[in-house]
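Presented sequentially are two complexes of subunit A, the first with subunit B as partner and the second with subunit C.
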Partner chain A sequence: MVSDVVIVGAGIVGAACARALAVAGVRVTVLERGAAASGTSAKGEGNLLVSDKGPGPELDLAVYAASLWPDLVDELADELGPAFPSLEYERKGGLVVATTAAGAEPLRAFAASQRAAGVDARAIPNGTALELEPWLNPEITAAVHYPDDAQVQPVIATEALLASARNHGAAVRTGVEVTGAKRDASGRLIGLVTTAGDVPAGAVLLAAGPWSGETARALGAILPVRPRRGMVLVTTRMPHRVFHKVYDGDYFGATQSSDAALQTSSVVESTAAGTVLLGSSREQVGFDERLRVDVIREIATKALRLFPFLANASIMRAYGGFRPFMPDHLPVIGEDHRIAGLWHASGHEGAGIGLSLATAELLVAGMLGTAAPIDAAPFGLARASLAPYLEEAA
Partner chain B sequence: MIAAIRTRTVLVVGAGPAGLAAARAARERGASVILLDASDATGGQYWRHLPPSRPSANERALHHGWSTYRALHDELERDDGCEIVLGAQVWAIERTDASDVTDASGGADASAVTDASASTDAATVPAPVAVHVLVGPPDGTRRVGRTFRPDALVLATGAHDRTLPFPGWDLPGVFTAGAAQAFAKGERVALGGRVVVAGAGPFLLPVAASVAATGAKVLGVYEASRVAGLVRGWLPKPWQLIGAAKKGGELAGYVGSHLRHRIPYVTGRAVVAAHGADRVEAVTIAEVDADWAPIAGTERRVETDAVCVSHGFTPRLELPIAAGCELTPERFVRVDDGQRTSVAGVYAAGEITGIGGVDAALAEGEIAGHVAAGGSARDADLGAAVGARRTFAGFAARIEAAHGIRSGWTSWLDDDTLVCRCEEVPYGRLRDTREATCGSGLRSMKLTTRAGLGICQGRICGRTVEELLGAGPDVGGEDDAGHAASAGLETAAGGLFDRRSDAGGLLDRRATTDRRPIASPLRIGELAAAEDPTTSTTHTVRKGHP
Partner chain C sequence: MPARPVPAHRDPIRPGAATPIVISIDGDPVSGVEGQTIAGVVLATGRLAWRRTSVDGRPRGLFCGIGVCFDCIVTVNGERDVRACQRRAGDGDVVESQHDELPEAAR
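Moving on, here comes the complex of A and B:
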């Protein structure tokens, strides 16, 4: 059983784990090289989705996570009081539509497979979809409504989890970069080398998002996390005309594909602030931060296919980040079987906001030796689908 | 055989004094030039004037150096080798890797390249940028997209003036000095009957003069800096610049105009509040100490119907940042003696490299254009410009020393003073949220409070928000050892600046409020539309990029 943990990374995954461990009585220190919530968790959207996942372990994790969010939001609101900004949690539901004749049948089949796995996925007539979203392009060819899709403001959620972790005794140290490992004679990890000196640790939890791969290397371990770049466009404020999270069916292809080339699929949603977010792209170009006009042009073009009225709306901002991508599309949650004392919570790709709470519960169970709420084995580093990638550099 | 030398194409963004001078110098060296400006006239902030449809006989009297402007403008307009595109908003600059560039032929508008452009100078490597422009009235139905891939890019986007918040600063009738001057010079509209001009810096004087020229009564110019500070910076009189005789003469002219209009010039005073129900009716003017903190008991209420306030300048840095240009610690574009930025082929001139006034902008622009067109800063014909630049060098530092914003201004604020007007974020909320979250990064603070996320994208409030967040002791993040960790953080004003050479780019881990990859809003329809093939200038490059 673990009694003190040093967490590397103050993104939403590190924050959720810090809070859950601190609440469970573990002594927690979070080390963050930048500012809190300055990484990927501040550069994406806050969709908490079940709609985009096919049957399998990731869907199980997402369904479990969806069940945790409402209570967590209430608990944090009670604990942090009215002075703390709202998490903007809203279970507004998702609407997935096909925009081509060829896309209709695959969408319905996907929804049927999700229903079999227990997801509330309602195939609805196109007319009903247009009642839910009156501004939607009437040319859609199929529609599925997912009442359980929700959203949260990811930066506020991260900050709230950290504030709560601090209330439960955790220390959050920003501006401290982890650069290496301290091991004992047996090879066990007993601390970290950082830009602010050595930090002893009973256990280390690596939650460094897309940088977990390079940080793992600094600790002497291979972890095949890679950045998968994504960009989002933000409109100026406008009257509320998009009521759900609305996706085109291509989305599934993009999330499930490992293709490195540019892919975009439309995700259109309103925020509490009155802006509309248009997402998003997926491409593997390393940590390349440069704006690409062809990418945002494609995002804009596809968004218009869903909502033609947006043609006259204005884009005022573009931002983007690097999803922590795993080659087998599953996060790594749990103990490292190669280095004693090292634990992982990384590789959530485009779903880390939603999955953060469930990840934290699995980790607490693993670290404290309590019963896991769902089967943790599919997320273990030792899983077969990862084996080829753990050997590469040896 | 002597290889034919292909005409270099120089793209100049901004047609203020710096951009106009750059365009002419580049033409004189034989480059083909495209000069873009978002507004509907050349001249920039300084030579703002009535549209040709409403000519005025009085421009000469209103503008210092009007004949300089006319000469520059007329020469460029007559010149077939210079294309002037107005209503041309650069909305993005993309960085293209040098390795992407397989074809050395630049992307100038083919029609502007008079010389048979087929022959390429193999030694020429175009600037590693693609400049994306929308041309047309911003509120029109659909602007036309154009993309430029020039051999050299000169950025001359200027600065806008900065106004610090105070209670009531969001009332109608409160103007930035720049807006007031634009009204007065560009529209000839009086702002009100009784006008107060306040803030800091030598440019308050010409603003007061322009406002007075519209027939308004200027009740006074209230300069926050103390006389002692002014004397140190400006010796011996606030309107006389050390070493810049010409500038001194010009400002002395304004003093004369002040005398004519009987405008009192008072230092060590600030407008600390504006009052009124639907629009400004009165202001509170207080004496302030050397830190600009109001001195209790000195407040005085003055009835007024318009207030022009300006406390300094913010350079328009979004395009240089997007192009990847390094900045100085003072947050201007870093340039060398040839006005070269850190990005090969990209030059900068005028107010984005330092606040130096119109003559400095003209000199820097001339040097930038000349070097961008292939010349050297040591060429004899640049002698006068290089000399002028030397004269004005340090002007920015002197303005900063005498008039730079002092930290005491934050005590003007009430809890409900709006800091970010677009998103209506009051000071109290900013402070409380910072405390509740232990004041972490700038990016997180913006996203938790929404300060700076509105339509102006932090142009008005960005640096104010940075300073307010940087004001406290622990904004760099808490540290067990009890001292703020500041190195490399994206937070406090001083510790904020990103010195990395790749400061440009969209996804930089370190945030600053100057970064705006989308430099100006555009319609989704405009973005989605493919560029108009008849006006796009990318086709010369596309030949090399199948």
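Moving on, here comes the complex of A and C:
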């Protein structure tokens, strides 16, 4: 059983774990090299999706996570009071459509497989889809409605989780970069070397998002997390004309592939302020932050296929981030079987906002030795699908 | 200090002859010269703010002046979200200040 934990990274995953551990009575220190929520958690969209996951462990984790969000949002609002900005949690539902004749049947089959796994995935007539989304391109060929998809403002959510963690005794230290490990004679991790001196630790939780790979290396461990870049376009504010999270069914293909080349697929949603977010792209180009016009053009073009009215919208900003990509598409949650005292919560790729709460619950159960809410084995670092990547680099 | 046009004879860049234009701003005719941005024409009238924020109704006008912040948006000839600092004023343009309430929560 663990009684004090140093968490590396104050993104949403580190923040959720910090809060859950602090609430459970563990002494928590969070070390963050930049500002809180300055990494990937500030560079995405904040969708809490069950719709984009096929049957399997990630879907189980997403369904469990979806069940945690409403209570957490209420608890944080009660605890932090009206002066704290709203998390903008909204269970607005997702609408997935096919835009080609060939795409219709795979979308329906995918939804059927999700229904078998317990997801509320409603194949609806195209006319019903147009009632849900009156501005949608009427040329769609199939539609599935997912009432359980939701949305949250990820930066506010991260800050709120950290604020609550602090209320429960956690210390959050920003501007502190972790650069190495302190081990005892047995090899056990007993502390961290940082730019602000050594920090002792009963246990270390690595939650450094796409930088977990390089930070693990600094601690003497191999972790195959890689950055997978994504871009989002933001329109000016407007009266709502997009009411759900709407995306093109070919998005599943992009999320589940490991292809390093550029892939784009259309994801459109509005935010509480009235902007419309247009995504999304996926490409593996390291930590290259340069803006690329071809990526932006492709995202914009595909968004018009879903919502032709966007042709007259003004794009106000474009931004991008690096999803923490795992070669087998599952996050790593739990203890490192190679280095005693090291724990992981990384590699959530394009779903870390949604999965953060469920990750934290699994981690707390692991650290405190209590019953896990869902089977944690598929997320273990020792799983078979990860073995080649742990050896390859070793 | 209020924004104001520099008289042509004192302008160090020695502009050529200016072609006067008239645009309307919220119904009022305002004169400027060809080549000015809409923001330039509006500022020259002494008006610094032409938009209000949704929640607190705070005044907004030119902020960055270079097309980045979108604080200066106006409706021009019926087209909304036009950046006043980027759009050249055209003779006869109908400019309306824009106010957006927070949108209704999604259905």
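What we mean here is this: the second predicted complex is superposed on the first by the 394 of 394 C-alpha atoms of A that agree within 3 Å, B and C clash if a C-alpha of one lies under 4 Å from a C-alpha of the other, contacts with A are read in each partner's own complex, and residues count from 1 in each chain.
One rule holds for everything that comes next: contacts are C-beta pairs under 8 Å (C-beta built on N, C-alpha and C of every residue); 3 or more make two chains touch, one makes a residue touch a chain.
Quick caveat: nothing in here was measured; it's all calculated off a predicted structure.
K.L.:
Quick one: subunit B and subunit C on subunit A, clash or fit?
P.N.:
In the superposition, subunit B runs into subunit C.
K.L.:
Quick check on the superposed pair: does A:M316 touch subunit B, subunit C, both, or neither? Answer first, second, both or neither.
P.N.:
both
K.L.:
Which holds for A:D52: it touches subunit B only (first), subunit C only (second), both, or neither?
P.N.:
neither
K.L.:
Who does A:P239 touch here: subunit B (first), subunit C (second), both, or neither?
P.N.:
second
K.L.:
So in the superposed three-chain picture, is A:E90 touching just subunit B, just subunit C, both, or none of them (first/second/both/neither)?
P.N.:
second
K.L.:
Check the residue A:D336 against both partner chains and state whether it touches subunit B (first), subunit C (second), both, or neither.
P.N.:
In the superposition, A:D336 contacts neither subunit B nor subunit C.
K.L.:
Have a look at where A:E361 lands relative to subunit B and subunit C in the superposition and call it first, second, both or neither.
P.N.:
A:E361 contacts neither subunit B nor subunit C.
K.L.:
Is A:A36 touching anything from subunit B or subunit C once the two structures are fitted on A? First, second, both or neither.
P.N.:
It touches subunit B, and subunit C stays clear.
K.L.:
Examine A:R166 and indicate which partner it touches, taking first as subunit B and second as subunit C; both and neither are also allowed.
P.N.:
After superposing on A, A:R166 lies in contact with subunit B but is clear of subunit C.
K.L.:
Which of the two, subunit B or subunit C, is in touch with more residues of subunit A?
P.N.:
Answer, by number of touched residues of subunit A: B.
K.L.:
Considering only touches as defined above, state whether A:E289 meets subunit B (first), subunit C (second), both or neither.
P.N.:
first
K.L.:
Take the contacts of subunit A with subunit B and those with subunit C, and give the residues found in both.
P.N.:
Residues common to the subunit A contacts of subunit C and of subunit B are 236-237, 273, 312-314, 316, listed in rising order.
K.L.:
Spell out the part of subunit A that touches subunit C in their complex, as residue ranges.
P.N.:
Listed in rising order, the residues are 90, 92, 236-240, 243-244, 270, 272-274, 312-314, 316.
K.L.:
Under the stated contact criterion, what part of subunit A meets subunit B in this complex?
P.N.:
32-39, 42-43, 80, 83-85, 153, 155-156, 158-159, 162-163, 166, 171-176, 196, 229, 231, 233, 235-237, 273, 278, 287, 289-293, 296-297, 300-301, 303-304, 310-322
K.L.:
Sort out for me which residues of subunit B touch subunit A in the complex.
P.N.:
92, 94-95, 130, 132, 322, 423, 432-433, 436-438, 440-444, 447-450, 453-455, 457, 476-481, 485-491, 502, 504-511, 516-518, 521-525, 527-528
K.L.:
Under the stated contact criterion, what part of subunit C meets subunit A in this complex?
P.N.:
Going through subunit C, the ones touching subunit A are 54, 70, 73, 79-82, 100, 102-107.
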